[in-house]
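Next come two complexes built around chain A: one with chain B, the other with chain C.
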Partner chain A sequence: MYGFEALTFNIHGGYLEAIVRGHRSGLLTAADYNNLCQCETLDDIKMHLSATEYGPYLQNEPSPLHTTTIVEKCTLKLVDEYKHMLCQATEPLSTFLEYITYGHMIDNVVLIVTGTLHERDVQELLEKCHPLGMFDSIATLAVAQNMHELYRLVLVDTPLAPYFSECITSEDLDDMNIEIMRNTLYKAYLEDFYKFCQKPGGATAEIMSDLLAFEADRRAVNITINSIGTELTRDDRRKLYSNFGLLYPYGHEELAACEDIDQCVCHYLFQAKEICRSPSASPSVIGSYAIPWEMLMSWHS
Partner chain B sequence: MSGQGQRLNVVPTVTMLGVMKARLVGATRGHALLKKKSDALTVQFRTILKKIVSTKESMGEIMRASSFALTEAKYAAGENIKHVVLESVKSASLRVRSRQENIAGVKLPRFEHFTDPGAGDTKADLTGLARGGQQIQACRAAHIKAIEVLVELASLQTSFLTLDEAIKTTNRRVNALENVVKPRLENTISYIRGELDELEREDFFRLKKIQGYKKREIERQLQAAKQFAEEQFAEKVSLKKGISISSAHNLLVAGAEKDEDIIF
Partner chain C sequence: MAGSSSWSRALMQISPYTFASIGIAISIGVSVLGAAWGIYITGSSLIGAAIKAPRITSKNLISVIFCEAVAIYGVIVAIILQTKLESVPDSQIYAPESLRAGYAIFASGIIVGFANLVCGLCVGIIGSSCALSDAQNSTLFVKILVIEIFGSALGLFGVIVGIIMSSQATWPAKTA
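The block that comes next holds the complex of A and B.
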């Protein structure tokens, strides 16, 4: 029943859409950033931030503020808002919101596995994990010694299970493979997310495919540039590129063969700039991701 | 300091004088050498001080740059990047070792950094593969530069302290030689000379006195001999005349003496 979705939209998504619009207006503006630039001390920053939405989170902090405290509290605000929205969401929105956290979950899993390999304390590692990526059995990651155990004991119950089928080949948790494992997982996650977004169709598919395609292309170029001069072979590089996006498939062939930054950049910078210029700033679905468009442009990093 | 009147307690002999003179020569030469050493050390000290000032200024700049590079890396690769990197490290690949250097006779410690090839930091090259890789490498380079500056500053400061100690000791020795040892030796030498002169004068005096005695003795003997010779002559003359002067003389003399038999 196309065209009549607006009739039933408010039943499922009305409240959350309102919340998201509210949050969007709470984002820091250019004027706020200018003010922050003028600050001389951390107390000035706290004062400016208390006039924004971040105020309640910072006002209880004792006076000698530390930069990490400010960052923690702001992240806490993000996490609280996200959790609130997750509670209020119904299917399929709740699955969509959960997909957003899988990226952080992958990072946390990789962090704990690396830390365990080097015999660090589990509690310390847990404190360093990103709050959006926590899941219940995360502490038991520390007992795993290789991939099979890791999968069997812990990950099979988490949403990350299907992504591991790509890495489940019997490689041990070697250090080099940690980064490759992380990127392979992320690739599988992006592809899964893409497929999920195509199912509902309509606005979701349109907007999300653009965004995810851009993310996939950005990652491909980043991986290429960052792996120039390292031990990563061309085949390995090829395996880390996602199976969708503007650069798929011919662009990936070219990228895999690149040995120099200028080669990659001049061909594909043009294409990617086209995507970013398209006006897709509507907040209805993506508000909680809270990434300003300028950050997506920082792919040269 | 108990003043210039100090001298060593020695027996004032000629041998001692020679010994003291040799010691004075040694002390003078040692004083000149130590003064030269102190001057050389002071020159080194000044150059190190200048280098420390400039290195400290550049260190401030470089540390600020490396902290900012860390912030950029965090921005590009996610807040977790610090923890990710820290957890994936087994042992340090950049290490510091120390060695001794000999500057103007003083052993100064020097630190230098070197990369430990066995620590395998090639694995770290893949950090931030999908985002932030370049920033992470830039941050790494900035911190390596910061470490270089810090190591150099550490060397300079330890050399500074050691040189300071050495200069103090050398100056102490120079002053001691100049103000205590040499005056003492000079006083001892002059004392010995004085004593020797006095002994010589005594000897001279004694000699002269004895000479005087001997001369008088000889004169007296000469006088006595002359008188005796005169008396002998007179006796001879009187004997010729029939009287003994000596006996007449004796009678007169005897008459002047109290005789019991004579009652006037």
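The block that comes next holds the complex of A and C.
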């Protein structure tokens, strides 16, 4: 009943909703950004940030400050708040919040595997990983030689295990394979997330469909542009596109056939125009398509 | 009563005291249900919002008090209704006057119970929104409080009609 939700929502979601609204009031405003723009040194930035919600996280840092320290501490604030919400959440919200971390997990896995391939130190790589995507056995990723071992040694115990069914091969890991692995994993993850969001229905399904469709389409365009000029065949490219989103299925056919950026942009704009004209597109989706168009135009020129 | 269906005869064989007692139970039970529902809706939002904005706690307890008032209406009406119960001699239990008194108390209980149920829900949901908006912008509190006052008037309407209903619950006089 899409009107009587207020009667029972607060049982599981009341406290967390109020916390999220509190966080929203802690976001930096335009005035804060103006102040930050006026700063000359990193210590000025620290001083301005100490008046905001980020203050407690930066106040114990000794000067001289480093840019990476500031970024790290501000990310730490996000991570702490996220973990607090994850602890307090009940099903299905807790599963939903965990799904959001899987994307970061995939990025961390690829970071470590690529770094190991290029002979970097594991500790150094671990520091670069996104904190939301950490899991216990992440350091053992460095010993895997091919994808089969990767799966068997480490990933079978993580939440990413179900996404691996399509990409277990015995080939050695090299740059190309790792990128293909990243995109295959991300594709499986997005589709799983999409299916999960459809189950509760209502506002979750509506809003998340739009957001995930946009993410799927953005990645499809990204894959296309990045694979122009490489040895990735059309069929392989086609396999990396997700099975949902507004560009599916006809836009994917067009994108798979693109050979240079101009073609890609033309096809994308054509699709985006068709999509925006269709009665099922919501204003949020149309708005979100306008932004990458500008990005594409800036690449083009 | 020749020609009446077996259902209506069955209904009229139920003692009016049953109906009256159920009415009293509903009046207090369902009012308290409404009040409790409203309080938990308000309370969970209030506690969460007070983490980032501790100043809102004392003012927003008013929403909880409005919800509590709904339960108090239920108690008051239940006490009034139970004073209307009188014993009648056996011969008079199924007399039309008795039945009328029983039904009047039953109806009064239902009126008050369900009016307070929805009033408690209404005040609770508004109270939750009041706490959340007060945390963002403190000028909104008084304006949303006005909405809440209108909402709590609904319970009062129920109480008024319930008391009027029950005032005509006169049992037949004991004949010598």
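Couple of notes before you dig in:
Keep in mind that, in the parts below, the second predicted complex is superposed on the first by the 259 of 301 C-alpha atoms of A that agree within 3 Å, B and C clash if a C-alpha of one lies under 4 Å from a C-alpha of the other, contacts with A are read in each partner's own complex, and residues count from 1 in each chain.
The rule is short, and it goes like this: a residue touches a chain if its C-beta (ideal position, glycine included) is under 8 Å from a C-beta of that chain, and two chains touch if they have at least 3 such contacts.
Predicted, not measured: the structure shown is a model, and the values here were computed from it.
In the superposition on chain A, contact is made by A:Ser25 with chain C only, not with chain B.
In the superposition on chain A, contact is made by A:Glu179 with chain B only, not with chain C.
With both structures placed on the common chain, the touch criterion links A:Asp107 to chain B but leaves chain C unconnected. Between chain B and chain C, more residues of chain A are touched by B. In the superposition on chain A, A:Lys83 makes contact with neither chain B nor chain C. In the superposed model, A:Tyr15 makes contact with chain C only, not with chain B.
Under the contact criterion defined above, no residue of chain A touches both chain B in one complex and chain C in the other.
Put simply, chain C touches chain A in their complex at residues 37, 40-41, 44-49, 51-53, 121, 125, 128, 131-132, 135-136. If you check the complex, the residues on chain A that touch chain B are 71, 75, 107, 110-111, 114-115, 118, 120, 125, 128-130, 175-176, 178-180, 182-183, 186, 219, 222-223, 225-227, 229-232, 240, 298, 300-301. Those residues of chain B whose C-beta lies close enough to touch chain A in the complex are 76-80, 83-84, 87-90, 122-123, 125-135. Within the complex formed with chain C, the residues of chain A that make contact are 6-7, 10-11, 14-19, 21-23, 25-26.
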